[in-house]
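In structure tokens below, several structures.
The following pair of complexes shares a single chain, subunit A, combined with subunit B in the former and subunit C in the latter.
And now, the complex of A and B:
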């Protein structure tokens, strides 16, 4: 088992039968035996293959596209360009969630200009993948190559090549597409009161979500109606975006969610689906499209690279009095970087009277960013938590003690708006402080290796939003629950735990399915750490309605008033004056008589959920550094997180471990590298270095349960905040080992050696 | 275009099939480079000549004089399981066993590693340090060549059209000899060497009496660094000798700046690895 240290495990913390138990995940057997159907596994009779022609230039005006040779090529069934996609004029924003259709229609296929190397320019459907690829090469595109800019700081310079002449900043054409500001108090006054002020600048590189399954879809159009099988974090998002981009009404599109092989935010957006839909419509054949890993790297969203400056002021006694941050984030080729996460979450863990947090959304000639686990928040926390470490050192305070002294609590007003209700941040620090990891001394330097420990904290907003569920009792007394959320992190198991708990029946009697857009009501994306939170709310209310029906049926059978029936332990029991007068009726017995007592038993609920309070975490990390090779290895890692209530502890731990692992990659080895021609130079898992399992120690998680007062089970989102602290926790540990601070990620071996050598000179 | 696949049982048949295919033929050993390159559209052979069915290419023999003949198409796993080879040439075996993962080890061969022509191939610096030669056979007969002479540049070899590498020949070992290989990769596995270093040496009462050093990934081809060997020979592998050999390794580097490492980094690390590898080899050879 992966948990250590926590004395109060979720299993023992309550007398629940299912909630908090490590039930076997319903999709597990199919996944380990290879039977689970992912989008790329789907085929249809008559199916043909779509391929995308991509721009070789990072920035070029498209003067003309001649597809005639490709169209005439034997085996080719359809060719499309941006002309076939609904155009959303620049002057009017059309939002769908966080995506603006003006940018989406230009991202799925280049319109006026190709904006990054890899930007789709045309697509072909043909009888084989090979023919489609060959036909792509026959498409003649006349480009006017334009100067390009890749880096965020370069893109902000006044003389930088401008990507979009319609973007203006302070009335001048600019690559600054947007700004966001949070203010609390008066930072000028705050810094004036400070005894110690530290200001540092930080750089991070874009990193990819790194899901194992590349984007894939199969689309069939018949009688004007489209069916889409695809890998996404939301079938309703797929449907809505395809409707916008193809002009079909939503009732003519059925989006079926396939099993998903990871998303981490990167599948909250679409790339292939509208192209396949248009090709299917044109050709009259089902069209399948899959991306290669190279295409995933070149053209699907990583998260932003960044340039930030963070300034903190504290009094001698260790109280933060002012904080200022500027976070410049790469949006990629079209606006929309996660500045809200960076500027909003950066200072959110602390009670600071004067805060000024500013974000810049900056376009440059890279692929458009997509959401990535707590979008923007790791970037904000990286700068803040590194300066926190430096400040603690300057004040001669223990870094956890310093955080504790300034920790946000119930009643703290955060710069991004809310006054916190009961939150569990303080507990994460207190648990970390007394944990064996933190109290065990580091190994002494030996064989030339150096050791260091670092800590950092983090915050993520979490989200509520729209969810729908239907709970049906089957004739044999088993139960089927349908929700509208693709299951990425084990949510089917969690949903089954909740349903079984409330109904008082065996977990095995509950099946949880993910409905497509035609069978379940609107459900927003699997993202924002919202699924277990929101599903639990609609499933709880649906199940409670079912229980009401079950009591009514029992009352009918017994010919007594429904109010005189209670539901306990999975059965209807007569209560009050009738107590003991009738034999209890089990769910199975009532189900068997459903037809005679009024018909099928089942209920649904649809809600726009609110009350998803923020998540907080504190991480402790030990590293070993080989200073002659510049290699940093994580030796021990423990994450402390307030999860509200762990409905299924294994999947909560899985989320925490996954986030920490991704953070370790971001801190040490992952980065998008561009060559001098503005092209991505490392579009493969060989050179885009995600950690492999042997790079990591067992990542320990300590689950803290401070129930969210606004949720029926006390749930808080858990999936994203684990990626917020690691960047700084590891940076601070490397500093502790080497005595040199690093202000730029990744801390790759060449960078470490270069910095050490500079120090030696 | 269709691909022809042949799997001859004898070397002569293989040579004929390979020659008949002329420029469009490709030798297939483990396929762990070739198939990946085919999938990525880097090569598209007309004929594939599988050499794994040929006895001479898939066997390991200890020769009468105490040397070894290793078939070019022997997999990493078979190398590892040989009862004697790891005792005499632990460095060669550990280098070949660093290639890929357990699954890749069941396929990948030292012949493929050499003939792929990558300056970063892991087994090559160890073979160079070991003073291995290769036996080559082609339409014009057999010849022998030192391993370090085989690569011409990244992806290019000094083989004549139609020639196949048949085997690696490791010389007999003097008493007190051993070898070692270390590579620098940013990850712990599934990565490509940023620098690789093989050292083979003979120790006599704490003094190094013979040494060879092979360096990978620091130049267009794997290097034999004679200056580094000279610095080691005659010394007790003390800090001064190691520093001198390390400096010779750094001086021999002609690396590129790329996504995998900077010039400065590779140059420095070549020296660091030399010191560490030499000490491991010396330890195995009986100590300083």
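And now, the complex of A and C:
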């Protein structure tokens, strides 16, 4: 049985009318009635369907592709291969943000070699989906099948099959495509001072973001100009990548963000869009493409599997003196695993004088990884937080007390670079320590089941970056705000809260729209926990400009100096010597006279935002283990997080709960399983086991608000930190229940049973 | 092969359509009928995003042949609200029981069927009833609460 819990309302009880309030999201009604238009819901007259032919081999040289039979098949309107995509030479980097276009052009369609089972090799557009699929089968591809390697440890061995000949490590061809190192102090000296040193190795399997909406797009090309409707975490990313891969200039591509059915990082790159664009151009017809769930699993990016080693040294009195970590991450077929998140975030919660953190980016014959919620950080934290637990036990300290004693705070120098400003990590531990969850005793065993409690903490960088906004006052005094970020989890509501608060008007008078690439300035991805943070900054500054205009208009009407007008409570009031001389003018009254006082009222702001300080969380988890079935159930879960300021507490809680649930899946049941032929054995929701509602308890969140001094509302990023602590929190709880530590995820029933059997022998 | 002609009732209105013998109900709803509220998350009956009702019982429309609709009563998310939102729809908005919203139509269809059958479900019953509807955003917490709160409101209103 699951427990019931409660979510604490944060202490935002102040003068705010809208910020911190649980308003109803502007796009809500459309989403509960089925009207909201997601990418697969869009159609156009004359639309045809695109399908992808995928490699059956995990590693094979493509010797030739003959598309003639497919082209001749009735109903087929266009066929494409990698020849139709702009070629970026494999040995020269072309960066677009953090993505290298030489990898992207090969990821969307295999060029020299097919690098994983499921790698696209050709695509067909036809009058029906069925004809397109049948025509794909008529494409003749001659492969030279090559030896393959799937697992990261195998791929790092000197005799492993090499994916890319030009990648060299220590002057030899290698699958190690990159490394990253963070150093602070001298770990040799640090470990020499330690009374207790613990070193352990850990393994995690690749896990998928698991968005319920498969990738989808519709592309129309007319007069050489393309319009793209697609499911992505950034319409500007879609436009730029399609421009690179098709050779069209950006002004000839209009990318329209459809409503997006989940992303979690997995939709920060493109798969189908450039293929549909090329097919649309060739056929002269709008082309729609959708992935099946099987294609999503086979060919879109999960996050990395990993092999890590973590070593911690502490003195008898519980002070960490040295930390060392090596994090080997699978990149999939092309370089780019999140080693920065793993090696950078792993030790970031703690004040440790000597740190050496090292990451290896390793290619192997799996689909190329994509971002997944705090990319890499859960992998780093998993090892570190498990060793932290073991160290606390060795030192006979309470695990939270041990973390508190070593917690990073303002002024702490982190191994990955920064000296922290005011951060709220200590508060998350203190709140956890005194919370009823942690202070309530848990039975050790009952009715044949075993019980355990675990804790873990976590850190994520958070991101700022480019955002644009436009705030327009309508003739009737209502307001339209346009931003450039797809709204995945209720960000329109946060934007409306902020605008209504600053203008002093009713929330319902504010509409928030997500602009396409032709109507709003460049805005970076919905990702990095940046949307509410960065949107708030550009929306705040745009709204302040609007208020300046409103004061000027009132001054003009009253024939006084604009400096003698203040904006209070949604109206212009004369101030200073003029105070009380004129009746206040509401937004509506000023808007009605806009054309007579200077024309439309509205303003925008475009910024490369900075100051997104890191986010910290501490999680507490109780599990029940059935020793006969090997099933681990999470009974109670409480997450404590410093969010800076909760603009919309419900959606902040939602991010924390959703992240915790994904972490529970990662820890207990989710994994990519490859067979001996190098093919994925579980490409379905039936066999890739994400938590369902009957698997989980209520997920409590305790929101702590330690304002970010660098943000107008005090916001810190929220969305990603919640996935960082769960893997270790659950592992530590399972240890507490069974008295045996697990160093490999997921802790699925077969693994639990195998360990129980070993203990029994 | 010639198309099949199907006469059915969708959201209380008579409806006719032509379909292929192997075509799913979901394909016909989303394609020729333009009812795109039901979503395809998997096509294999695992995610529940395509949940509709067939004579009041919830089914995955991706696993139902369109031809099976002949003479039956189909309910979709588009028929859930009358002039006002259904209490479940309203409660989901107030409780922020959705984030991306892609699973929401299926969850709402399933929850409505539950409350029609059991107006006073326990948390355990709600969790097991909705176990066929995957949600990746919310961790289910706010969904379960919203369904239970709606049930309480509807009982109080009777």
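Observations
The criterion applied here is as follows: the second predicted complex is superposed on the first by the 747 of 761 C-alpha atoms of A that agree within 3 Å, B and C clash if a C-alpha of one lies under 4 Å from a C-alpha of the other, contacts with A are read in each partner's own complex, and residues count from 1 in each chain.
Following the convention adopted for this analysis, a contact is a pair of C-beta atoms (placed from the backbone, for glycine too) under 8 Å apart; a residue touches a chain by one contact, two chains touch by 3 or more.
Keep in mind that what you see is a predicted model, and the values were worked out from it rather than measured.
Of the two partner chains placed around the shared chain by superposition, neither subunit B nor subunit C is touched by A:602. With both structures placed on the common chain, the touch criterion links A:214 to subunit C but leaves subunit B unconnected. After overlaying the two complexes on the shared chain, residue contacts for A:749 are found with subunit B alone; subunit C is out of touch.
Of the two partner chains placed by the overlay, neither subunit B nor subunit C lies in contact with A:335.
By the touch criterion stated above, A:686 is placed in contact with subunit B and with subunit C alike. Contacts of A:29 after superposition: subunit C is touched, whereas subunit B is not reached. When the two structures are aligned on the shared chain, A:628 is found in touch with subunit B, with no touch to subunit C. By the touch criterion defined above, A:376 lies against neither subunit B nor subunit C after alignment on the C-alpha atoms of chain A. By the touch criterion defined above, A:694 reaches both subunit B and subunit C.
Which of subunit B and subunit C touches more residues of subunit A is settled by the count: it is C.
With the contact threshold set out at the top, residues 686, 691-692, 694-695 of subunit A are in contact with subunit B in one structure and with subunit C in the other.
Of all the residues in subunit B, the ones that touch subunit A in their complex are 184, 186-192, 194, 258-262, 264-265, 268-269, 272. Within the complex, the subunit A residues that touch subunit B are 628-631, 633, 668-669, 673, 681-682, 686-687, 689, 691-692, 694-695, 748-750, 753-754, 757.
Those residues of subunit A lying in contact with subunit C across their complex are 1-2, 4, 7, 22, 24-25, 27-29, 31-38, 40-41, 209-214, 259-264, 290, 292-293, 488-490, 648, 650-651, 653-654, 657-662, 684-686, 690-696, 698-699.
For subunit C in complex with subunit A, the touching residues are 30, 35-44, 46-47, 49, 76-78, 80-81, 85, 89, 92-96, 98-105, 108, 123-124, 126-128, 130-145.
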